[in-house]
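Below: the structure, in structure tokens.
A, B, C and D label the chains in the order they appear, each numbered from 1.
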Amino acid sequence: MNCSDSSVRVAIVGASGYSGEELVRLLLRHPNAQLTAVTSRQNSGLTVAHIFPKFASQPAAQLLHFTDPNIEALAGAAEVIFLALPHGVAASFAAPLLEAGCRVIDLSADFRLKSAANYREFYGQEHPAPHLLSEAVYGLPEIHRAQISNARLIASPGCYPTSILLPLLPLIKAGIIQTSGIIADSMSGVSGAGRKADLDYLFCECNESVRAYGIPKHRHLSEIEEQLSAAAGKKVIIQFTPHLVPVNRGILTTLYLTPTVPFSTPVEECALNDSLSRIYSEAYGSEPFVRLLQGKALPDTKNVIGTNTLEIAWRLDSRTGRLLVLSAEDNLLKGAAGQAVQSFNILHGFPEISGLI
Amino acid sequence: MNCSDSSVRVAIVGASGYSGEELVRLLLRHPNAQLTAVTSRQNSGLTVAHIFPKFASQPAAQLLHFTDPNIEALAGAAEVIFLALPHGVAASFAAPLLEAGCRVIDLSADFRLKSAANYREFYGQEHPAPHLLSEAVYGLPEIHRAQISNARLIASPGCYPTSILLPLLPLIKAGIIQTSGIIADSMSGVSGAGRKADLDYLFCECNESVRAYGIPKHRHLSEIEEQLSAAAGKKVIIQFTPHLVPVNRGILTTLYLTPTVPFSTPVEECALNDSLSRIYSEAYGSEPFVRLLQGKALPDTKNVIGTNTLEIAWRLDSRTGRLLVLSAEDNLLKGAAGQAVQSFNILHGFPEISGLI
Amino acid sequence: MNCSDSSVRVAIVGASGYSGEELVRLLLRHPNAQLTAVTSRQNSGLTVAHIFPKFASQPAAQLLHFTDPNIEALAGAAEVIFLALPHGVAASFAAPLLEAGCRVIDLSADFRLKSAANYREFYGQEHPAPHLLSEAVYGLPEIHRAQISNARLIASPGCYPTSILLPLLPLIKAGIIQTSGIIADSMSGVSGAGRKADLDYLFCECNESVRAYGIPKHRHLSEIEEQLSAAAGKKVIIQFTPHLVPVNRGILTTLYLTPTVPFSTPVEECALNDSLSRIYSEAYGSEPFVRLLQGKALPDTKNVIGTNTLEIAWRLDSRTGRLLVLSAEDNLLKGAAGQAVQSFNILHGFPEISGLI
Amino acid sequence: MNCSDSSVRVAIVGASGYSGEELVRLLLRHPNAQLTAVTSRQNSGLTVAHIFPKFASQPAAQLLHFTDPNIEALAGAAEVIFLALPHGVAASFAAPLLEAGCRVIDLSADFRLKSAANYREFYGQEHPAPHLLSEAVYGLPEIHRAQISNARLIASPGCYPTSILLPLLPLIKAGIIQTSGIIADSMSGVSGAGRKADLDYLFCECNESVRAYGIPKHRHLSEIEEQLSAAAGKKVIIQFTPHLVPVNRGILTTLYLTPTVPFSTPVEECALNDSLSRIYSEAYGSEPFVRLLQGKALPDTKNVIGTNTLEIAWRLDSRTGRLLVLSAEDNLLKGAAGQAVQSFNILHGFPEISGLI
């Protein structure tokens, strides 16, 4: 869809959660988007400025009212619909909106998998619209840019998967790491749990607390492993451990990998480092939203919060023969709303950074 | 009740909130108390160790099971019952427990007021057991120690009132400050809101947030003003502004007061400082749980968290003619569970610090 | 200076602190500014991208190197110089830069006072450039916009003063509050203490801590009282208590005021509320960076963090006869760097929101 | 040293850091210890109550003054000396104190290694007292209790090593996991960095930040690998990644392990789980300070903060063939001061929990 309209009408369904709120923020000030509808059953009738006072300085926030979600109204109001809904619910909107001629960018997990069986295994229910799975494009711009540009239905990746796939995929494609034995150890801020009234996410339950959860088979494994397997040309199974840490935003991921070439001597280590440097530069050297750290710097969530940037650094450990790769991102931006807008820009041929820096 | 039993059987009704949890912690290790029953509808059947893993090292925590609250069972199990229940609910337990011969230490607001009309005005409902109001003793040990020692029903003070009354009462009794124009500006940690599933108290809604709430007529004003008026011998009305700040525990209160004597010269200021020093020393110099700060030190919640101590410091401001008094306490201890146990110790003639340091 | 150059060359002296960092961020992306020089002795020779990785996505951040501060080089590089230096040091740069023909926007306290005696009293040293005090304009745009537009030397207000003056000045000018007895009780995030290696501001000393400091005579009183006195036409002395709370950014101020008209009846209270509403609407209804809250909403720092907006709400308390006014701002933006850029926009006739939303 | 004196005189050298502060707290209230001396060059002459207001309620804190460290005075004042000093410095105190007849419990890294070469490799300097290395006992009570009971010099383990070794050693001794390929991924609160004025540990640099550091060859690897190798009877090399997270206290460690027996069928998995359960029960079932979590519970630092307890849970992942073991501890207690006091109790035949619960 390589046009370059000066402005595209967009709508957000389910705009009261944390990702939805970030979508509202980004789209309100996007130079090529006009936010014409936002839906939320509980906020219906209220203005965006009322629900999100921090956006009240934007004139549009004063005028735009939340409405109950309605397919016809949405299709009339916007060309592109962002879905920020729970999994299972998103699919029930995507199908009729596509039929009504809209393009859909879905932030839920509903269309991230190619396999309905995989969905059933990890989400514990039948997929509500399996006929759309093959068409949906996994919206990781740095990897699937060409497909995104022509998509009707974009499945925007999960927050953890983004932080794991972007550092991993170039290494797997280059064949420089073994595809077995991969470990991804991640820490996420509490906004990753969504804005829901749950004792587990009260301030006093999260502050001064560090804990793992959802192990050993977190749902995000399904999309991570599908993408890795596709890149590797064979089934890839990884270990993934998410932890909850007391920050609002940010994911830090530490990957434990084994290179396919040995590096027991300094010369071999130096050569391997050069290869890694070349692989990452080729993959991301021109990417506006991936930052390859140099020298002693290591990823730190405070350096990416509020941005659509993912940081990457790596270290070889000659003592253990392992390669460590670390990444940091804002789970609500590069891990959710920012990446969705990045796909929107690609879809419409806008500059990829439009509305994002 | 000046006996000194080596051990008294106690029970806690409503032991699943933050104050209840602290009561459990304190009473499990109290040398003169034997915790025989803890009730909680939602945790009924589970052990204390299961619900509060951090107490699991105490053998009793492995053995003690939460039960549904039952008056007869409670009266059979314990001589003293601590109520950590919502206001309105507490009164419905207190009355029958007293009839059954128990002594009751109530951490709710139900028996803190002498006036049922006052209760109605501030709590928006008729008092459920007005006949008990005159008997109940306001459980501020440093002020009402003698009455506490003989009480059947102790109304343990609120967290904000404790942080305001302890610094204020000696000054009012001494007549050294005007009783009009008093301002109390307080900041509380989030545990003050209780353990309840409410969006307002999610980690991401409190972290990196500072806000006032409940102004200008917070419910705690009712007990603060009743106590101040009793001490002053006339009606006292104060200004009180609570703020929520992102810490788990702790209340810091800043009081703005006007001395009854002028201090425009250094000599007068010095004399007034001496008077204040003497008043506070006489009031609290021998108190185990009030710390009068010397020199440049100012109260800091981090120095009282986890303790039953309230810190006090003051400053005269010759520019404005005002006296500033500051206090810090742990809202769950000196502001709730710790103070209740302090009253328990007084009630039974145990050393007042028993189980508290 | 009512031109409208498409782009003005600007420099920042002392760009390694928190306010300096925010200036860098704002000016790097300002559509009408070209950041040509940033100085910092400790970072000299390094790029902005190296020191502030979070700005590395901006191409200019890769190219711009920190330099040692040098008057000639600065005067050659830029028309407008922002000084983000400690008080006392700033003045030593301002004087020669003005002589060299630059305009200066100073974020320190050096030129905020009209009186050198006042400076001596509050800052404990002789003013280093008293001849410039009368010329300097206090850079509070909503109050001194006309003067700012023609200034050579702008003294950007302190963070606390902004949060206190903006809510207070319209009330004082309207004569609706008494000028005696004013109390300002403020809470600030830790960035207000600056980026300096001091045990008091370590994570473990601030986290889970709430404390007052600098009472009763904080330095910011000098500029607050000068501005209030000028507006009132008589000497105004206020009470000001700053507190440190564990957030990165944000100031919440609670003002305790006494209206000049009584409001003991509902009719009077309603009338007074209407007057307050009209006064604030006239003062700030069209201001892009002041948000007057409606209904039940109260200021919350989380709704202004990352923005140049100051929120205001008020409540009348008929029980005490007082007016409470509350404000919230980001201490590094409306309280420092954002406000300085707002003045820059005014100085050059750019849209006032340019580079700020 | 199986006596049971009712009270032993103890001293702390370097009592102004975070671990030193916890030692002061524990020893002030220890029923079998009398704290007779605390040293700190910077606090010399001041009382413990002055420096640590939170301990001021303890009468001894009012009487005990910090002094400059002096070997003779220390040897005269106490039978057991706790050293809470930087590595390198501790050894210079340990040697003369031992000669003077004291027993020494050292919280630094100086005597944790058996090999001076190992010390040189990881600490970058010659060991200052290599003749003491063979005598020193690694003070991990659950592992080396018998040796501790007779030691003259106890090297209390590091915080990370404790969180890694306690979960790992029983598995290695049982031969149930492979000794190659072990990964330890840890998160620590900021107190682990000590109380030192360093920009990296300012509130604003740590709050809302998550980052790895010290990879891939953190100093604590030296003692971890020495202990693991001794248990395995062969050289063990592991991968260790520490992360800094914004909490005051607490370490959470996630271990990635490979069982030596396969568990591809449910029957095998069940059998392996039974074996693990038995191994851990035998190792720690009677330990007062190790909590083996049951059911769905996972370690959470908030459940161990303020206690000397280490929590352990494990999960088998049949998808990857790995065993995950997680642990949580308070880095200043079980990871430092608490464990040192536990060793002190063993050394003197006091109940091991004395002063610790």
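Convention: contacts are C-beta pairs under 8 Å (C-beta built on N, C-alpha and C of every residue); 3 or more make two chains touch, one makes a residue touch a chain.
Quick caveat: nothing in here was measured; it's all calculated off a predicted structure.
Peer 1: Of the chain pairs A-B and B-C, which one is connected by the greater count of C-beta contacts?
Peer 2: Here the pair linked by more C-beta pairs in contact is B-C.
Peer 1: Using C-alpha centroids, which chain lies at the maximum separation from chain A?
Peer 2: B
Peer 1: Report the inter-centroid distance (CA atoms only) between chain A and chain B in whole Å.
Peer 2: Chain A and chain B have C-alpha centres separated by 47 Å.
Peer 1: Using CA atom averages as chain centres, what separation in Å is found between chain B and chain C?
Peer 2: 39
Peer 1: Touching two or more other chains, which residues of chain C qualify?
Peer 2: Those would be 189, 205, 207-208, 246-248, 300, 302.
Peer 1: Flag every residue of chain C that touches chain B in the complex, lowest number first.
Peer 2: Against chain B, the touching part of chain C is residues 183, 185, 187, 189, 205, 207-213, 215-217, 237-239, 241, 243, 245-250, 252, 254, 256, 298-302, 305, 315-317, 319-320, 322, 324, 326, 328.
Peer 1: Given the complex with chain B, which residues does chain A contribute to the contact?
Peer 2: It is residues 18, 189-191, 195-199, 201-208, 246-248 of chain A that touch chain B.
Peer 1: Okay, in this complex, where on chain B does chain D touch?
Peer 2: 29, 53-54, 56-58, 208, 288-289, 291, 293, 297, 300, 302-304, 306-307, 309, 311, 357
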